[in-house]
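One chain, chain A, appears in both complexes that follow, with chain B as partner in the first and chain C in the second.
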Partner chain A sequence: MAIPDWLDDLLWTYQNLIHSLGINGLLALSMYVVLAVGQLSLGQAAFMGLGAYSSALMTLRLHWPFWAVLPASCVVPAAFALAIGVPTLRLSGVYLAIATIGLGEVLRAIYLNVDLFGGALGLSGIPDSAETWMIYALLGAALLALWLIGRSRIGRAMEAMREDEVAAQVMGVNIRAYRMGALLASAVLAGIAGALSAHVSSFIGPGEYGFEPAVTILSFALLGGIGTPLAPVLGSTILTLLPELLRGFSDLRLVFNGVIIVIAVLFLPNGLLSWRMPRRAA
Partner chain B sequence: MTPCGMISGGMTALLRTEGLTRRYAGLVAVDAVDMAVEPGLVHAVIGPNGAGKTTLFNLISGIVAPSAGSVWLGGADITRLPADRRAQRGIARTFQNIRVFGAMTVLENVLTGLHARPGPGIAATILRLPRFRRMERDCVARARAALDFVGLADRAEERAAALAYGDQRRLEIARALAPEPRLLLLDEPAAGMNPAETEALGHLVRRIRAAGTTVLLVEHDMGFVMGVSDRVTVLNFGRRIFDGAPAAARRESVVIEAYLGPKVAARLAREAAS
Partner chain C sequence: MLAQQLVNGVLLGATYALFALGFTLMFGVLRVINLTYGFYFTAGAFIALAATRTAHLPIWVALPFAALGAGLIAVLVDFLLLTRLRRVRAPELSSLMVTLGATLALYSAMTSLLGPDIRRLPPGLISPQAIEIAGIRVTEAQLLILGATAILVGALLLLLRRTRFGLAIRAMSEQPDAAGLVGIDIARAAALVSFVSGCLAGAGGVLIGLNFNAIHPYMGEAMMLRGFVVIIVGGLGDIRGALIAGLLLGIVEVMTAAYLDSNLKEAVAFAILVAVLWTKPSGLFGRARLRRA
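Entry: the complex of A and B
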C-alpha cells in the first residue's frame, strides 16, 4: 500500500488513542443531541454500555456477523431510552437526569450479578471486527446529519426549545416529540459507540459504563460547547488527548479533568467553540 | 345549544369560550367566562389588574389547562389540544413580557414562528431533497414578507436581543403573523411604549385587521383600546361583567365601578346627572 512506514508505525503505536478519539466523538454527539433540545441526560454511558453488552453477546453467543451486529446494537439502547423517556420527558427539569443516573447504576448491578453478562469479569474474547475507518465514517456521517438538521426547520425548533419552551410550543413545536426524538437519537449514537468500542478492545467490564464516564461525556459538551455539532467533538478530542499528554501525572490526571470542567463552566459558559450556527438552509 | 352563552352570533364566531374557568389554590382567576370573537374584528379584553386577562389568554392558547369549560375554534372543540396543536390550527400569540429568541437573528425568529406550518420531515431535511429546499425558500419568503409588514425588513440579519424594546415587540408580532394565523392574540402590546410607538402600533393593528386576520388583544391603555377595537369584553375578578361596543363600555356603570371603585363611580354618576 501507499502508506509510508513511519505513518504505519505511528498509527500502530497510537491505535488505541485513534479509536478512542473517534468513539468519544460519537459519544460527544450523543450528549450534544440531548443538550441541544434543552434537556440534561446522564445516561450516555449507560446507553453505551447497553450497546457494548448487547453487541458483544450478539457476536459471542449468536455468532452474528459484524455488519449485522453494528446496526442491531442500537436496538436495546433505543428501547431503554423509550422506557425512560416516556415517563420523564413529560415533566420539565431534572427528572431525566435523575432517571438516567439511576439507569446507569441499575445496569451496573445487573452486569455484575447476572451470569449472562460475565459478572465482575465482564465479557472477553470479543473479536476486533470494528475497523478504524468504520468508526470515522460513522462519526463523519453523524456530524454531517446533525449539521444538516441544525440548519433547518428542525434545528430552529431545537434552539427555540432550548431558549424558551413556552414560546417554542406556542410556535407549534411539539416539545415532547422533539425531546423523545433527541433522546432516541442520543441512545442510538451511544449504542453504536459502545458496539464499536467493544469490538476494538476485545474486553468489556461492568465498571466502564458507570457514573464517572457519564460525567466525562457530559464534560465533552461542557468544554466544547453546543453551538454546533463540531463543538462537542472538539471538546471530546481535547479531553481524550489530554490524559495522554499528562501521563507523567498518573493519578492526578483525573484532577485535571475536574479542573477543566470547573474552568469551562466558570469562564466559557458557551464552550470553547461558542460560534452559533446559522439556522437557515436557503 | 349554548347553555349560558347568550351571545349574539355565537355560532358564527371564530373563537368561542363556554363557561371557561381556571381555579388556583384559593383563587378563581377565570370564572365561567363565555365569550365569542367574531371573524375579521379586533376584539379587546380589558379589566383592572388581576382580572384574569392573561390567564384567559393562556387558556385560549393552551399554555394553561382549564379547570372547567371549553374553547372552540371555528366550530371545533380545542379544549383538550396542547398549545402546539392549537398553533397548527391557526392560533398565534405574543407575550406581555417579550419572549423573542434572543440568540437568534431577527429572520430566524420569524422562521421559527413558521413551525406552525407543516415541514418537510427529517429524511428530506438530511437528504436536502427538492421538497426541503422548496419549503425552506418558501419559509424565508414568508418570513421576509412578515418582517416587511411590521417594518423590520432591514433588520433581518441582526441578533434579536440587540433590537430596541419597541422593535422586539414588532418582531414578536411578525413572528406570530408569519404562519398566517386565523386568530392573533396580542397580550398587552402597548405595554412600555411611548405615545408615538403606541400610535404606530394602533396603525399596525388596523393593518392586520385590514389584511383579514382576527385580533384578540388584552390591553391597559384605554386610549389604544378605544381606538382600535370593534368590540370589548370587560373582566373583573375573573368574571365577564360587560360585552359590547367600546363606546358602550365607557358609559356602563359596572365597568366604571370595576375600574374606579363604587364610591368614585357613584360620585361621577351624580356629577353627570346634575
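Entry: the complex of A and C
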C-alpha cells in the first residue's frame, strides 16, 4: 500500500469524523443554494432523511448496486421539493419556511410509525458501500459546480434577487424559475448526503433527521456566510470539529448551534467569510 | 360512535385552536413567524407540572399561573430577540431565523437541565371519572379543556374588540407605520401581544399535558406542526380562521385515528397543509392578505 501506516491509523481512528466532515459539507452547500436566492428552506434534514431512507430501502429491499442507488437517492427528495416548492415559491418566503419545517416533523412521525421504515429501531444492516473518496469527490464536484455557477450569469442573477427581488425582476430575472431550481438542487444535494451517510454508518433512525439537525444545518451556513460556496463549508467544518476538540462541550453542542444562529443574524449578517464572489467586470 | 368521535375531535380541536390563536395573533400584529412559540407551550406545561407536583397547587390555580408564566417568558424572549430587528426593519426571514436558533438553544438547554424523559402530572389532580350525556362520554379533563378554552378565547375577543389596547393592536396589524404616527406606543403594544400570545401557548401546553398526560421538553415542537397547519388553513393572521381551522383539524385527526390509522394523523394534517397551499394559499376563508413574492 502507498499509504503509510501512521496515516492509515489516523484515518481509521477518525473515520467517523472524516465522514461527517464531508457529509456536513454537502449539507451546508444544500443550505447555501437556497439562501443564495434569498429563500429559507428548513427541509434540509428532511430531504437528507428522504435520501437516506429511500436509498437504504433500495439497497436492502431491492438489492440494487450502490452505483444505481446513489443517483436514484435524489428522486424522492426532489419530488417532495417540487410538491412543496411549486405552491410556496410564488408566495413570500415564510410559506416555504413553514412548509419545510412541517415536512421534517411529519416525516419523523411517519418513519417512527410505519413498519416499512423500521419504526423506532430504524433500518440497520445497511452495507457500508460508500467510500470516503466518494464523499469528498462529490463534495469537491458540488463546490466546483456551485463556484462556476456563482461566477456565471446565473450567479449574478441569484445575487441580484437576493439583494433586491423587485429590481432583479425588472431586469428580467425569472425569479420563480431560479428559486425552484435552487430548491431542487438543494434537495438533490441533501438526498445524496443522506444516501452517503446511510451507507457509511450501516444504521439510520427516525430521530436523525428532525428539528435539531435541520437547525444545525442552518447554523453551518449562517456561521460561514453565503458570499461564496466555500463559506458554508468552512462553517460546517468548524461546527463539526468543535465538539471533538472541546471535551465536555458536546452536551452543549446544540445550545451552541442555536446561539450561533441568533448571533449571526443579529450581529454578523455576512458570516465569518464575508468576501464576495470574485468576478471580472462584465 | 360517530357522535362520540365528533365530540372528542371538537375537544381536541379546541386546544389546537387555542394554541394557534396566539401564533396567528403574533404574526398578524408583529409580522413575525415566531418559532419560539412552541417553547412557550412547553414552558407552560412544565410550570404547571412544578406547581402541582412541588407546590401541590390544584389545577385551577396551576393553569392560570402557568399561562402567566409563559406570557412573561414570551415578553422577555421577544424583547431580547426581536426589538433590534424591528428597529432596523429587517426582512421577515431574519426574524424567523433568529427565533429558530433561539428555539433550538432553549429546547436543548432545557433537555440537558431536566432530561428528555416524559413526565406525568400527579395522579388525582383531576378525577378520571367520565360523565355521560346522551350516550356520549366526556371526562372531567375534557370539560376543563372546553371551559378554559371558551374563557380564554372569549377574553381574547373582548380584549381585541372592546378595549383601547385591542384597538391599538388592530391598528398595528393593519398599518404599522400609521399606528405609530397616531401615537400608539408600538413597543408597549408589541409586548402586550407577546404576553397574550405566550399566555395562550402556555395554557395550551397545560391542557394538552392534561389531555395526554405526557410532558417533555420537545412537546412544543410536535405541537408546532398543528400550529402551522391551523394558521395556513385559517389564513396567516386571521383569528376567526384559526378558530375554525383548529376545530376542523382536531376533528380530522380524531376521525383519521378512528377510521384510518392513528399513525397517519400527522401525515393527513400535513397533506391538508400542502393541499391548501396549492389551491387556496390565502387560507380557506380567504381573508388573510396574501403575501405574494
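Following the convention adopted for this analysis, the second predicted complex is superposed on the first by the 266 of 282 C-alpha atoms of A that agree within 3 Å, B and C clash if a C-alpha of one lies under 4 Å from a C-alpha of the other, contacts with A are read in each partner's own complex, and residues count from 1 in each chain.
Throughout what follows, contacts are C-beta pairs under 8 Å (C-beta built on N, C-alpha and C of every residue); 3 or more make two chains touch, one makes a residue touch a chain.
Predicted, not measured: the structure shown is a model, and the values here were computed from it.
A.B. asks: Put the two structures on top of each other at chain A: do chain B and chain C fit, or clash?
C.D. replies: Superposition result for chain B and chain C: fit.
A.B. asks: Regarding the shared-chain residue A:Val170, is it in contact with chain B (first), chain C (second), both, or neither?
C.D. replies: first
A.B. asks: Should A:Asn113 be classified as contacting the first partner (chain B), the second (chain C), both, or neither?
C.D. replies: In the superposed model, A:Asn113 contacts chain C only, not chain B.
A.B. asks: A:Leu148 contacts which: chain B (first), chain C (second), both, neither?
C.D. replies: A:Leu148 sits against chain B, while chain C stays out of touch.
A.B. asks: Tell me which partner touches more residues of chain A in the superposed arrangement, chain B or chain C.
C.D. replies: Ranking chain B and chain C by residues of chain A touched puts C first.
A.B. asks: From the overlay on chain A, compute the angle at chain A's CA centre subtended by chain B and chain C, rounding to the nearest 10 degrees.
C.D. replies: Placing chain A at the corner, the angle measures out to 80 degrees.
A.B. asks: Quick check on the superposed pair: does A:Leu218 touch chain B, chain C, both, or neither? Answer first, second, both or neither.
C.D. replies: Second partner only, chain C.
A.B. asks: By the touch definition at the top of the document, which applies to A:Arg156: first (chain B), second (chain C), both, or neither?
C.D. replies: First partner only.
A.B. asks: Minimum CA distance, chain B versus chain C, superposed model, integer angstrom?
C.D. replies: In the combined three-chain model, chain B comes within 11 Å of chain C at the C-alpha level.
A.B. asks: Which chain A residues contact chain B in one complex and chain C in the other?
C.D. replies: 175
A.B. asks: Where on chain B does chain A make contact in their complex?
C.D. replies: For this pair, the touching residues of chain B are 61-63, 82-85, 87-88, 92-93, 95, 99-105, 107-108, 111-117, 119-120, 122, 125-126, 128, 132-133, 135-137, 139-140, 175, 179.
A.B. asks: Under the touch definition given earlier, write down the residues of chain A that touch chain C in their complex.
C.D. replies: Result: residues 38-40, 42, 83-84, 86-95, 97-99, 101-103, 105-106, 109-110, 113-114, 165, 175-176, 211-212, 215-216, 218-219, 222, 251-252, 254-255, 257-262, 264-266 of chain A touch chain C.
A.B. asks: Write out the stretch or stretches of chain A touching chain B in their complex.
C.D. replies: My answer: residues 145, 148-149, 152-154, 156-157, 159-160, 163-164, 166-175, 276, 278-282.
A.B. asks: Which bits of chain C are touching chain A when the two form their complex?
C.D. replies: Going through chain C, the ones touching chain A are 33, 35, 81, 84-85, 91-94, 96-98, 100-109, 112, 218, 221-222, 224-225, 228-229, 232, 236, 263, 265-267, 269-270, 273-274, 277-278, 281, 290-293.
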